[in-house]
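Got some structures for you, see below.
One chain, chain A, links the two complexes that follow: it is found with chain B in the first and with chain C in the second.
Coming up: the complex of A and B.
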């Protein structure tokens, strides 16, 4: 790895990072200008930023699993959906459970249930090759979606859940501003927590597992337990993102759990930089820019009659292929890795590393 | 028509579709060494290829409408066209996407997700998201089966089962008795050893993609013939195909056949299982797969599963 030869000063920006920063500044500048010009309504802009914040949370959750521990989780949509449905069913006024509790209980339910499901799915798969986890989690996502769609007496089925309360109703801000602050707070807490965790001995073991599982085993680490912990932690973060989403969107239906949601989050992680939480921020923003930008294209550029949904799908698909092919480390890879190399470096590893 | 023999008959048809998908997936797994998540959408591509082929061949020459085993000749030609499309798309994808990448199996796996989404997006751009069918009259159940066994078996079902049997036997003969088959088995066993023995493994890989792509396309066409043709058909069935591959043992072609049979049957026998609704047929296949992972992760006929 060339980065090892010219190890940058920690905290200093290299040229890519500077470019990303400039790009971000331009992006936000454009957003601000278009808001002033009246192209985007301020309320809508704050809604979009909150949505982007939710994707940042999801991306950080997947980052714990794939970025730290190398676990391929294709059921991001399911864990997000479990969190979202727990919150919605516990708090909503038209929920079949009829509890109408405070949103805090929704969050507690989401954390408990998502952690339980993560353990249950981890037991048969985490001991095996990593591709088994990929297949099993894709299956789990489908089972969760089918359950929510068909068990109408618990979930309202395809009608979905509405009548979900807003967050912090008492505070003297507009609801869109409140949501924005809430997600900002969540991101800061999760980011600081993950940074601490990443640098802890626990994080070090995880990165060792990702780089070389046999090495971690040889050092006497119970890799299965560590992988399980990372899997559960990531899933809980995803569920928390789901909880936030229902209070942002105020409606939730089983269609929101389509597998494509999972791949949006994968795009965000890969594009931002696997294992990098700063990258997760860029990734989350980019995903919302893609999703909402293509919606905007629909009215502006593309002639009537062309369906924009497959275009978006094609864009996401090509983006996955191109990023893996040409820039596997993503836009903002982690600045300094204690364990040299990553999964991709297994075959390399010269004496100078 | 909801008796056990009827479910078994339906299971036979569905098993055939799963077997055809599972063989290709298992071949890729053993030789290219990654879980190809684009395999389901390759089935979709084949099904739509046959849709176009069907339009082209319908009434294109005298005799195209002549019925053979209850289906017009043009359908068989469309099936061949679909298989050709599947094979060509598979080889092109390998050339353009997978081969230039110097990446491990996990990177290839994630890339295959991108490939899957791209296939589906292109199909949807061309044909729209709606449902299509092969425009072949839905002949009623064949009298012979109704009278002797009491089951409804249409000529479509019979054609699917017969042609799958032909394809599977042909693949068996190819693997066991031809030079190409020996090369394929050798490459799948140990690629480096095959290479130093003078086998051009690149050619073997191409052959494997052709076979896998053509069989997947055939599975897609049969799925479209049995149910309906739509852009998500392949992705929705991918998981069941994976379950079959894991059950049979990853990398084992004969395991994939057996696994496809068991999973296909289970899928269609869901109504017989007490307390489980028909809407959970895919979930049952998935639960079966998880049980296999717990009990015997290497599958029925697989080797190690480190």
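Coming up: the complex of A and C.
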């Protein structure tokens, strides 16, 4: 008899969930031991966890677009950057705008601007075949980066923005702890929000659109409106991740909008399980663990002189191959019928894995 | 008949005797190929109207034009007295015209009953706000829709598939699911594109029974493309014959069966 039989909570999980949970426990256990052993500074650990939280948010955002609705967005980094720059420029002391407002206003600006940009990109592309959005977002990523680089009078250009305030300055905890709780809170709020809207007729229509847009149209669903909603919602979540990042990192430059970031977030969604909110969280966490873990391996395990960091992409590539080979659907693929209010569960049945 | 239609009939110039679907002078070419050539037809309310014609006659194209998936070069389409020419497919569906596809659509990642529940139109929970403001009324509606979905699955004798993945069922079963889902959307006129192609004979016979039942009990209008002559000749009246994009004739099955032009069209198509 395994421990599962004695723990009712664990017993209610299926084998995939159990494995993921065990994996998480081992992972966080190792982190904790490393911290106790002095391999990782506690402050740095919390910084990393906050960074991981930010990736989880980004992954959840892309999952709304690609996982729910099948929208191909190649400008995750740009929407993240729009959010980050909005927050930085509205709040920072050396911002050319000179506003130095409270971070709340940065968040509001980020939400409004990212939603607006998403709508403007969506209007000409979402009525067309899906590849048009992909192409347009490829372009957007570059346009946003170049605008930030060249419009120095608004953005400080390549010098970047510094003097960004920390979050919740008044509270007695250390800032790294505060950041950690802030991102944790954001994740919980976004997750709970997404869970309800996804497991609903709304999410069901998006799932239909993803599978077959013509069919959704034939049944009277305004697919353009649904796709627009998913695109805007996902983009706003990405922007919120950017807002959090600037208050974590306290500096922001155009180099932060590397296109490779978009790629990492895509990997995270696919790895976690396309269309699954929980999968998005696991995927985001795993990708950060690999990206930052390589840095950590450098100092901890590998003898001096060998640099592991350049091998990051190799590790990520290896991971993709393993997932495609052994778990095509990702670590935690979606398991729920999209029926609101637990109505389907009352009736029982449904796919159990 | 749907509530919406009854309301329209009560309040407006719409008459129960008016055709539910009117097509006039539709034209569509693909490059040099004229797929639909000045097609005009009317589908009377509460009929089961058949549409036949040799392969490539333009039947599916005509469905695509009527339901808004193709844009017509010329001509007009009227549903329930409202002109819908140039409207988007979902707008036409909301006017009461719902169609199925010749190749059944697979719904990846959905169970059969979940795929069924996409059918009902204007669901409260399809907007984000009510999910937060009135979750209980959304849940109530979901319960109702799930019940209706399961009733229809039962009627079609595929209720044992309710919790199967929609991608795992056979092509014939998929055709049944597609039709059942279209019925859940409560159309006034339902366009079926070869509903029994790939469906085994027993199932096909049942399907004819369901169609007749729905037609008699709910006054649902059907326009059905079908290759299976036995099936359509027994079920439908009148029958519209299409050939080379044109409406060749419209008559009762007996007349169609004996018409020399129809025989020629089919022989010509077979060569």
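We take it that the second predicted complex is superposed on the first by the 299 of 353 C-alpha atoms of A that agree within 3 Å, B and C clash if a C-alpha of one lies under 4 Å from a C-alpha of the other, contacts with A are read in each partner's own complex, and residues count from 1 in each chain.
Methods note: a residue touches a chain if its C-beta (ideal position, glycine included) is under 8 Å from a C-beta of that chain, and two chains touch if they have at least 3 such contacts.
These figures come from a predicted structure and were not determined experimentally.
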Inset, instruction - Could you say whether A:289 touches chain B, chain C, both of them, or neither, answering first, second, both or neither? - result: neither
Inset, instruction - Return first, second, both or neither, reflecting whether A:201 touches chain B, chain C, both chains, or no partner chain. - result: second
Inset, instruction - Pick one for A:214: touches chain B only (first), chain C only (second), both, or neither. - result: second
Inset, instruction - Considering only touches as defined above, state whether A:184 meets chain B (first), chain C (second), both or neither. - result: neither
Inset, instruction - Using the touch criterion from the header, give the chain among chain B and chain C with more contacted residues in chain A. - result: B
Inset, instruction - Please work out whether A:328 is in contact with chain B alone, chain C alone, both, or neither, and reply first, second, both or neither. - result: first
Inset, instruction - Have a look at where A:319 lands relative to chain B and chain C in the superposition and call it first, second, both or neither. - result: first
Inset, instruction - Determine where on chain A the residues touched by chain B overlap those touched by chain C, and list them. - result: 343-344, 347
Inset, instruction - Spell out the part of chain B that touches chain A in their complex, as residue ranges. - result: 34-35, 37, 97, 100-101, 103-107, 109-111, 113-122, 124-125, 128-129, 235, 238-239, 242-243, 246, 277, 279-280, 282-283, 286-287, 289-290, 293-294, 297, 305-306
Legend entry - chain A partner contacts - residues on chain C that touch it in the complex: 67-69, 88-90, 93-94, 98-101, 105-111, 113-115, 117-119, 121-128, 131-132, 135-136, 138-139, 142-143, 146, 162-163, 165, 181-182, 185
Legend entry - chain A residues within the chain B interface of the complex: 70, 72, 123-125, 128-132, 134-136, 138-140, 142-143, 146-147, 149-150, 259-260, 263, 266, 270, 307, 309-314, 316-321, 324-325, 328, 343-344, 346-347
Legend entry - chain C-touching residues of chain A, taken from the complex the two chains share: 196-197, 200-202, 204-205, 207-208, 210-212, 214-223, 229, 275, 334, 337-344, 347, 349-351
